[in-house]
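Next come two complexes built around chain A: one with chain B, the other with chain C.
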Partner chain A sequence: MSTESTVPKRRYWALNGEDARRMCTAIVGGLVLAIMTGPEGAISDPTYGVKTSLLTGHVVGYFIFGVVLGCLLTYRAKVKDGTWRRVRTARRRTMSERVTAFSSIWRYAFLAVTTFLVALISLIFADFSGPVTRNKMSVHVLEHQFLYTRTYGYLVLAVALWFVVVNQVMQLSSFKLRSLPRPVLGLSAIIAILLFSLTSDPFLPARFSWRALDPHASNSLFHHWTTYLWLILGLAVTISWLFRRDPIDGAKPARRSRALAVTPEMRIITYVAAGFIVFEAPKYLSLYWQISLYQQIGVFCLLAIGLNIVVGFAGLLDLGYVAFYALGAYVTAYFSGALPLHPPFQLNPFFIIPFAIIIAMLSGVLLGLPTLRLRGDYLAIVTLGFGEIVYVLANDWTQVTYGSAGTGAITNFNVHLLGINYVWNPVNPLSYYYLMIGILIPAIFLFDFLNHSKVGRTWAAIREDEVAAQSLGINALKYKVMAFAMGASTAGVAGVFTAVKVGHLFPNTFVLQLSITILVLVIFGGMGSIVGVLFGAIVLQWLPSYLNFHSYFGYQQADLYLYIGALLVVMMIFRPQGLVPSRRRRREILDAEEGLGSADALGAITQEQPS
Partner chain B sequence: MFNFLLQGIFTGLIFSLVALGYTLVYGVLRLINFAHSEVLMTGGFAGYFFLHYTIGNHQVPSSLWATIFYVVLGVIISGAGGTVAALVIERFAYRPLRRRNAPKLAYLISAIGASYFLLNLFGKEFGRYPVATSQPFNNHVVVTLWGGQITMYDLVILVATLALLFSLDRIVYRSKMGRAIRAVASDMETASLMGVNVNRTIASTFALGGFMGGAAGFFLAINQGVSNNMGFKPALFAFTAAVLGGIGNVRGAMVGGVILGIVMFTPIYWLGQPWLEEVIAFSVLVLILLFRPTGILGERLGRTA
Partner chain C sequence: MTSADPIFEVKDVTLRFGGVTSLNNVSLNQERGEILSVIGPNGAGKTSLFNCLTGVYLPQEGSITFHPTQTKAIKIVGRAPHRVAQAGVARTFQTSRMFNALTTFENVKIGVEAHQKTGPIGAMLKLPRTRHEEKFSDQRSHELLEYVNLTHRTNTLASSLPYGDRRRLEIARALGTDPKVLLLDEPAAGTNPSEKLALAELISRINTELGISILLIEHDMKLVMSLAQRLIVLNFGGVIAEGTPQEIQENPLVIEAYLGASDEATQ
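Take a look at the complex of A and B:
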């Protein structure tokens, strides 16, 4: 009997108590969302918020959302446990199989639809990157997008990226894009690059310029010549791709089962595209986005990959992470002479960085040593307390920190060397952004290297089974403290960057909420995976900045931490490994759920004595 | 100085109440319940609404019987509020993870998420600024001892807290529920094999701790008013108290709270800076962890609670 014949002819629609429970949970979840996005209440009328959320039209959308979610969850669970079967799912088909299964008309329809979607997305993206002052996303403005050459640049970029994906799928399947031979692809890539370089020419009239209406984009230190660098790099890659040797027959990609096997060309193109986005694209953003790119996204990426060492790599929990960030910032203030205590020598912020690292690391070691000697979960609450203490000291110890009035002015980054005199100017956020990239990329590579080195393997061993690791002679305490101190020092560096940019420190920057926010960035993206953490940091830091202008679904800025708290719980219940998990961490968590290993390093170093 | 000492003792009693919540949950699940501060806050709000809708802006009741009536009822209502909050937290932040046997890290993260969610939900629904509570009794000075003043509030705390601590002690060590809690704390699997309903026992542990936390919230609400982040600092101190007394040890938590209160408040007499309280409490926490991690009365994780 084949598997096909065991599939029941009629679907079995009976719903049991479990389904009812699932449905109720989804609906209640929808209602909770309605309350979360509803109006603010006040203590004089305590039921106002809930009443208005649940008894007005506001609730309808969320109720429908809950019902749909419940249906989907029930359906998925039914299919998963085999009570219901989809008729033709003998096994799951890969993406390439799905594409090849289309008949030829549908193939082109599929291409047309995806092309349309890509174009629409790129249009919206082009609109985002425009000046803030315009009212975005209205149909009216979308029409006018075509007046700006910027839009065509995004269109071509999006189509090129789309080709990377589609071509990959096509390569795996037998389906070839006959209508688009390779020279056409190459030509379009060259046109794209030309468009990019041409339209960023500042001497073109604004209407043709890619960064139309944005007066600040030409202030950048690295403006003109990098565009040509990218042009040359892009051309080189494109030409090498056009004239590459075809793979020898039979030398198939190693893992065909993965829908997107990475070929070397694809990797290079991805790197170039990523590099382009990271280095070039910010120049065409509006001032608001340039500022939040540094202050909201860049700094938080650094903080998140630092916390990732503690939470993701070592499996510890640090709830006072912001304390080290504050330490770094106040060290900067101290060496700038912005505190009541005068330093023995004032320093250029570049030279403060090592001090910040050392001080944050030392405090990390001092805090971690007594705590980690015991149970790992004590670390969480000790760091929570430490975060609070640092805040209290910053806020109340006026003799040292000026208290809540804020510190004096902090020196900017500056270079006076070999005839180069350059002072970073807060008016031009891009100059800070490039500095941040300059520290972020080495940090990413360093931490990735660490994770794959002996240290990283030791962390993994401690996470998976601490007792076994210790029995192999691993000094677990040493490696835990090391991870903790390294995370702390990263936060210290981030503190320097923030302090220099904002110029004056106020203690209420460094509240506990910030620690939780950084934790969410790590959890959302996927603890233990650097790509995931960066993804989480970028998405979750971008979103509030964006929503500040556009209030969708009743989003209110004051409720940000409400959503963050809910997100933490939901992530832990439904997807503890994060959205872009590292393969190892994901398996650890799944193994731990089966009772194998522990997936964290929160156990006791000294075993509990049975009494 | 005696004033500070007394303040320490009475505040310490409140810490003891809160610390019980930590210690009970830690004893059973081996987890720090990060959401316990929100239990405190929920209790505080329950107490606020009770007093607001009964006394409101009217005359502060002066007779002794009225005081007893309002305090007893207030403690019960606040405790019920705390219990509900603790049960909600257990149901939504802990039980789904327990069903899946999630790693410990996941519990801590989901608890801190639940704590943040509740904190901000209350802030959203009831405003984000502190509000003064209607007073259930006239807070006059009753006795003056060596320059230290014992007010009505202190007396109420003393009597109510001692009654609560005593009854909790009885429940944990003498009742059937207490025996179940101790059995689960000692060995969850064996207890479940012996016919103890583990889920219900864990819920009852949360409920007990929640009741104590809610009652503590009531006293804090009378004294300082309510706000959505009223629970954070007392909860942090209470955790220190629980570690000081020996985590997992119910009597340790009671003793630890009072000792921490004394250690925290008395030095302020000489130092003069009230914000140093927190610094002292935190230093105490780190010092205990350094020198006597099992606390004063010793941890009793094996045969906890």
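Take a look at the complex of A and C:
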């Protein structure tokens, strides 16, 4: 790749025929989506669906989608072939570098436009249970949106968050959040927190909840002690922010590393927000959401961080992950006496957990030892087969599993200790949720320690170059089996949690599609990054529940995989490293994209070699 | 040549790939503490010999014995590469194989840690031994980076290192495993003259200060002649000459092999 040979070019904005074609395709694609998701035609007027889709507010969102997609594709194409770059640089510029390269006018314009977009998006989602459950994009609803207080809460939050993000990541150095007057900052933080707590008022529909601010009202916000807790935390954050010491001048770290730097107050804000969301928010949710929080999100978070060890840390493609999940669940059924085979002793589910861990781990080792010598694709096929074997056994081996009829009743979580007698109640999903949190949070920390330890580094080394790793004395097989076994045991625990909550197991819970879903969570969130994977699990498991609940955009459950597939395709084009990638993984993908860089170095050897 | 205290004993090793014979009845000995150089035209089988010595290739015939200490003998043939490395054989590669997405420091640290005992449980719970080992490996990695003069690159990604630095990083990583013998496959390829000089100095320091035996493949004759105590010349998979630099330079077979090779190259 010769960098000097190209003459510096002027920016060349002219669009050509190909760009127009690309744009049209994208817009037409958007319109087609609009028609697809619109109402259906009727026998009397078959064009009804198309007409309504294209002539009402419904089309606006998809049109914007088409335009944005077209612009993005054009931008990518232009940047890739170098037309839109002043000077060709050997290294691809990062997003933050591109933005900071704008002149200040453009920088403000960028900020304004993105803020507007963020606000718009937050508006669309702000009303979780609005009066009109049809298309949120229609102007009519947008207008009404402003009558609801929670709209303002989300607006302020969205804009504030966006500013923080823009400041931290894009380093718009001339427009620092901190350059705003400090009282304004403090005040807006407090307002944001107040408005945000308004939205979590459990008794009132949020749109009327200005009343909740009235201390005399029976259901006032101020009757909840948690409100005070959050206010205090909010104040603490604000104060720590206001009185933070500015870094010493002249000791500024390099630009690139500053983009990645996490400031202390960002960390505090993150912890506070995470704490609120994890411990408090669920209390205010409806039963539907509490159930899906445990069964759809919690269990899948556990599964995803487990699979992340295998796929993300060790770089092994496992398509039969659900087998270990099934194993954990059926072990629970076995020790509860819910299978035709009777156990030597029945166990409390809490004591089943270690058994599930050990059995899943052993099966992981047994499967791993012979198969992990295989290269990637073969491993995927073998694990796929294993997943199917377990499913077929669960389904057809009726003497052991009751087959498709489902197992008997599985014992619930219960504690009878030192005078405490508590049985988890299926009617109260939160009791399970907190138990799950009790497993999930330690698991997150332990796995994070693991990733940043010798073991994690060794996995990275094996992923990068197995031959080199072995030349250092690393037993690659041992480490792969280790990853496999740890992933398996995590799935085993998730199996116990599912079995206990569901009460009866059916084999068709453990189909191949579930393995793929979990893999999608990991890839979508960002392989190798625990935060990313959790994020992926939460977003992708929440979205179907949400759409299902409201049936927005003509959503039907059967279409789920269509949308997830489309989402993945878009992701792989624009962000192959996942939403919140790990640092290492991002670098690996960058290296792969810049394959030319190392080819350059190879060229140098051949030149210097005497022959 | 009688060998009182050999570190490597290679006897009649033959390695074939289908119809190609990469190594043909190769026998050689390396003394403990010696810098032995293997030279030969392209395709002579030098890298194949290294791969046999490190357990990566399984020769069809012959035996290779490694003596980590005077009294111990380890059969290399049939032993997995990582176990050969654990026994004390470290190597670098002809085309450098870094862990590109990791930093220079992490690269070296992986080498040091490869021989530590910490397992997954210890790592997750940060048990005392893990912390102790981690402290050791941090310190050792810094020392090694200083030893190869890469301290200023500690936090640079391996993929963005210049070529000469990559070579030295690979050496530091190999040294991290605390080897008895270091196998260097064309370490000076692609480096500029001043880097070459520094590299030669580094190699002889490793040999004299750390007492590590060195087996060196190199095409740069000046470097080889200045460093090596003894040379072995391979051509078409067979040993054609063996001796001191002086003897090799005057050996007609060697001169012919090199001239013949360049004839082939020009055709």
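Just a few scattered comments:
In this section, the second predicted complex is superposed on the first by the 318 of 611 C-alpha atoms of A that agree within 3 Å, B and C clash if a C-alpha of one lies under 4 Å from a C-alpha of the other, contacts with A are read in each partner's own complex, and residues count from 1 in each chain.
The working rule: a residue touches a chain if its C-beta (ideal position, glycine included) is under 8 Å from a C-beta of that chain, and two chains touch if they have at least 3 such contacts.
Bear in mind that the values here come from a model prediction, so they are computed numbers and not experimental data.
In the superposition on chain A, A:Val455 contacts chain C only, with no contact to chain B.
Shared-chain residue A:Glu464: touches chain C; no touch with chain B. Applying the stated contact rule after C-alpha superposition, one finds that A:Pro370 touches chain B and leaves chain C untouched. Contact comparison for chain A: of chain B and chain C, B touches the greater number of residues.
Contacts of A:Tyr561 after superposition on the shared chain: chain B is touched, whereas chain C is not. In the superposition on chain A, contact of A:Glu280 is made with neither chain B nor chain C.
After overlaying the two complexes on the shared chain, residue contacts for A:Arg584 are found with chain C alone; chain B is out of touch.
Taken together, the two complexes place residues 588, 598, 602, 608-611 of chain A in contact with chain B and also with chain C.
Against chain B, the residues of chain A that register as touching in their complex are 35-36, 40-43, 46, 49-50, 311, 315, 317, 319, 367, 370-371, 373-374, 376-378, 380-382, 384-386, 388-389, 392-393, 395-397, 512-513, 516, 519, 523, 558-559, 561-562, 564-569, 571-573, 576, 588-589, 592-595, 598-600, 602-603, 608-611. Touching chain C in their complex are the following residues of chain A: 446-447, 449-450, 453-458, 460-461, 464-465, 467-476, 482, 486, 584-585, 587-588, 591, 597-598, 601-602, 604-605, 608-611.
On the side of chain C, the complex with chain A involves touching residues 42, 54, 56, 80-83, 85-86, 90-91, 93, 95, 97-102, 106, 109-111, 113-116, 118-120, 123-126, 130, 133-134, 137, 157, 159, 163, 166, 173-174, 176-177, 189-191, 219-220, 261-262, 265.
Residues 30-32, 34, 48-49, 92-93, 96-97, 100-110, 112-121, 123-128, 131, 226, 232-233, 236, 239-240, 243, 273, 275, 278-279, 281-282, 285-286, 289-290, 293, 300-303 of chain B are the ones touching chain A in the complex.
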